[in-house]
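Below, chain A partners chain B and then partners chain C, in two separate complexes.
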Partner chain A sequence: MELKPCVNIRQEWDIVGARQLGREKAKELGFGTVDQARIATAISELARNIYLYAGTGKVEFEIIDQFDRKGLKIVAADEGPGIRDVGEVMQDGYSTSGGLGAGLPGVKRLMDYFDIRSENGEGTEIEAIKWVR
Partner chain B sequence: MESVELDLENYRKLLKEYLLTNDETALYQAEQFSKLSVQHNISPEEIIHVHIEALKELYPGMIPREINDSLNFLLEAMISYGLALQEYQHLRERQSELESEISIAANMQKTLLSTVKPTIKGIDIGAISVPASHMSGDYYHFVADTDDTLGVAIADVIGKGIPAALSMSMIKYSMDSFPENQRQPSAILENLNRVVERNVDPGMFITMFYGLYDPKSETFSYASAGHEPGFYYHAKEDRFEEIEASGLVLGVQEHVNYEQSVSKIEKDDCIILLTDGVTECRIGDRFIERDEVLEVIKHYLHLPAQEAVEYVYRYFERLQDFHLKDDFTLIILKKEV
Partner chain C sequence: MSSRINTIMMENSDVIIKNWLEIVSEKRKNDYTSSISEELFQSTNREFVNVIFKSLDQEGLTKELEDFSERLVNLGWPLSYLTDGLQTFRRVAIDFILSQGEQIDTDYFSRILDKVDSWVDPIINKLVNEYSGSWEHTVSLQRVALQELSAPLIPVMRDITIMPLIGTIDTERAKLIMENLLDGVIKHNAEVVLIDITGVPVVDTMVAHHIIQAAEAVRLIGATCILVGIRPEIAQTIVNLGIDLGKFPTKSSLRKGFEKALELTDREIVRHEDRNQMIEDIMESLEKE
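Moving on, here comes the complex of A and B:
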C-alpha cells in the first residue's frame, strides 16, 4: 500500500509544512488558485488547532480518484484532550468572536465534506474533502 | 458556476473600459458589480481571481511574473474575509429566524395576557400597554364581578425581555386560580408573593399594585408591592395626589403582609396607575420629572379615558423619538357619576 503523505505537527512551523504539502497535492490534482488557497487555509486551521489544543498530531493527505470525480482528502488527527462539546465549537461565532480565526465552521465552509470525531481525553480526528470542480 | 463565467465576461468588459478611458462611469459600474457580488455570496477572493483572469485575457503573456504572483498573494490574504462574509450571512439568516420565533412568542404572550376592559357603570376606563421590545415585562389585568366591583392589577417585572415576559404569564395564571371570594387587594398580593417567591429566580422581582373599586360604597381599596406610586386626581380641587401605599416587592420573602388602604372617590375624580416606563421616560440623558408627567396627563384628562391614555402615550413616544426605552403601561379610571 502506498504510504499516505503526512506532516507531523509539533511546532508552529509545521503548519507551514502542512500547507505546502497540501497545496502541492492540490496543484497536482488540478485545483484552481482560489480552491488551492481555500484548501491551504483549511489545512492551516486544522493544523493550528492541533498545535494549540493538542500539542502534537498529524495532518495526512489522500488523493481520491473515483470514476466520476477527483478530490483531496485531509485527515487531521491528534491524541489531545478532545473536544467536550462538538456542537458548540461547530457553531458560527464560537471561535471567531474570540479572534481565533475561521474555526471549524470555517473549515467546513472551505471544504466540500467535513466530519469530526472527538472523544473526551482520547483526541480528535477530522476528515475533510474538497472535490475538483 | 455559469453565473461566475458570465460575471467574468462582464468584469473583463468593465475593466477594459476603465483601463482605456479611466472614466468614472466604469468605476460606478464596478461599484454595481461589487454590490451584486455581495448579493450573490461571491467572496472577495473570487473577485480577485476574476480580476487575475481578466488581466490575463486582456494582456496575454504580458503580465510580469511579480504582478501575477502578487495578485495570488492578495487572493490568499482575502480568504478570511470571504469566510467572514459567509459567516455573517449565515448569522443574519439565523437572526431573522430568531426574530420570527420571538414575534410568534410575543403574539402568544399577547393572547395569554389579554384582558378585557370591562364596562362598569359609572366608571370610564382607559388602558394602554406598549412593550419597548417584542415582549413585555409589564402587565395589567381587569377583573369585573357580577356585583359590579372592578379589580385592577398593574405589574412590572424588574428585568426585561423574555424572562420577564414568562414571569408575567405565571402571575396571570396564579391570579386566575385564586378563589372568587378572595378579592381583597392585600390578600391577593400576599398570595401572589408566595407564588413568586417559590417559583421565580431570586434575581427577579415583580412590583404590583392591586386596586378594587366598589361602586356601592364608592370606594377604592388598594395595596402595593413596591410598585411605582400612581396618582389620585381630585377634580374639585384640580390637583394630583400620590397614591401612598408601601409594601415589599413580590418574591423577596416568603410571608409578607400588605397594608390595604381605602379612598373615597368623588364624581369626576380619576385614578391613574402606571409603570416606571411612564415616569422614567428618558429624553436624551435626562429622566423626565414626575411633575412633567402629571402635566401631560392633566392636559388630556378631559378626554374620554381611552383617548386620554392613547394621547399621553403618543406624546411620550414622540418625546423619545419613537423608541421606548422601557415598557409603557398607563391606566386611567374616571368616575363619571
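Moving on, here comes the complex of A and C:
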C-alpha cells in the first residue's frame, strides 16, 4: 500500500504545516488558486478543530485518481471527546468555544464531499474531498 | 583494577584510534556528512578522537572538549555525528579491553562497562547540552524577532493609520494585533485604521473572528476600521464559510482603502496643475515675442 502523506497535530503551528502540505498537494493536482485557497482554508478549519477540541490528532491526504476524475481527499481524525450532536455542529453559528460557529458547515460548503463520523468519547473522523474541475 | 583498564587504554591508544577511525569512515558512506569534504572529515575525526583521549587522560571534561564542541556547533555539524562517534568509541574500547583480558568473568565485564561509561557519558552529555543550548538560543532569538514583526502600526498621516499583516495569524499574534491596534489608535489619535491582509495566506473562521473582534473594539473607542487587501480567492472562501464582514467597510486594495479613509476624514487627493500651467504660460509668452 502506498504511504499517505500525513501531518500530526499537536500544537498550534502544526495547523500551518498541515495547510502547507495540503496546498502543495492541491497545486500538484492542478487545482486553480481559488480552489487551492478553499482547500487550505478547509484544512485549517479541520486542523484547528482537532487542536481546539481534541488536543491531538492527525490530518491525512490522499490523491484520488479515478478514470474520469481526480481529486484530493482530506481525512482529519482524532481520538478526542467526540461530538455529542453532529446535527447541531453542522448548523451555522453553533459554537462551544465562543468562535463564529462557521467551521464545519463552512468546510462542507468549501469542499465537494463531506462526511463526519463521531462517537461520543471515542473521537471524530471527518472525510472531505475536492474534485479537480 | 580500574587503573589497569586505564593503562590498557592509554598504552594502546594508537590501535583504538585506528579501529575507531576505520569504523567511523566506513559508517560515513551511508549518512549525513556527505556534503563535507573528505579532508575536513578525516581531520575532524582525528581531532575528535584526540579530544576524547585527552579527557580520558585527565579524567574529566577539558578545555579542548569545550572548544571543540563550540566550534562544531558554530560550523553546524550534525549532532548525530558526535553521538554516533562516541557510541562507536564505546564499542571499540570495550571490545579492545575485553580482547586484552585473560580471564573474563561477569564481574570484570561489568567493571569494564562501568569504566567506559564513565568516560563516554559525561562527554555525550556535555555535547548534547551544548547543542540543545545553542538551538534554544536561536529559537528564542527568532521568536523575539518574529514578535517585533508581527503587528506593526504605521501612522501614515494625521488621523489615518495602517497595520499591514503578513503571514499566518495564530492566537498569540491575534492578541498582539488587538493590543497594538487599540494602543495605536489612542496614541496616534487616529480616526481611521486600515488593516491590510494582502500578505495573509489563509483567512479561516478563527482569523476572521479575530479581525471582526479587533474591528469591533476599534469601533468602541470611536474610530473606524477598514479591512483592505482582500484577494478574490479569499473573498470567495469567506463567502463559502458564511462569515459576515458586513459590519465594517472592506476594500480590495490598500489604495482604495486609503481613498475611502480620506473620504471619511473629509479629505481628497488633488493633483496640482499649477506648474504645468506656468510652463504653458511661459511657452505662450515666448511664442508671442
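Just so it is clear, the second predicted complex is superposed on the first by the 125 of 133 C-alpha atoms of A that agree within 3 Å, B and C clash if a C-alpha of one lies under 4 Å from a C-alpha of the other, contacts with A are read in each partner's own complex, and residues count from 1 in each chain.
The rule is simple: contacts are C-beta pairs under 8 Å (C-beta built on N, C-alpha and C of every residue); 3 or more make two chains touch, one makes a residue touch a chain.
These figures come from a predicted structure and were not determined experimentally.
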Chain C versus chain B on the shared chain A, clash or fit after superposition: clash
First, second, both or neither for A:R133, with chain B first and chain C second: first
Partner chain(s) touched by A:V34 [first = chain B, second = chain C, both, neither]: both
Which of chain B and chain C A:D92 touches, first, second, both or neither: both
Touching partner for A:G17 - first (chain B), second (chain C), both, neither: neither
Chain B versus chain C as contact partner of A:R48, first or second or both or neither: second
Partner chain in contact with A:P105 - chain B first, chain C second, else both or neither: both
Broader residue contact with chain A after superposition on the shared chain, chain B or chain C: C
Of the stretches 3-11, 75-83 or 111-119 belonging to chain B, the one that collides with chain C: 75-83
Footprint overlap on chain A, where chain B in one structure and chain C in the other make contact: 33-34, 37-38, 40-41, 92, 101-102, 105-106, 109-110
Residues on chain B engaged by chain A in the complex (per definition of touch): 1, 45-46, 49, 52, 72, 75-76, 79-80, 83-84, 86-87, 90-91, 94
Residues on chain A engaged by chain B in the complex (per definition of touch): 32-34, 37-38, 40-41, 92-93, 96, 101-102, 105-106, 109-110, 133
Footprint of chain C on chain A - complex, ascending: 12-13, 16, 19, 33-34, 36-38, 40-41, 44-45, 48, 92, 99-103, 105-106, 109-110
Chain C residues touching chain A - in the complex, by the definition given at the top: 168, 170-171, 201-206, 208-209, 212, 232-234, 236-237, 240-243
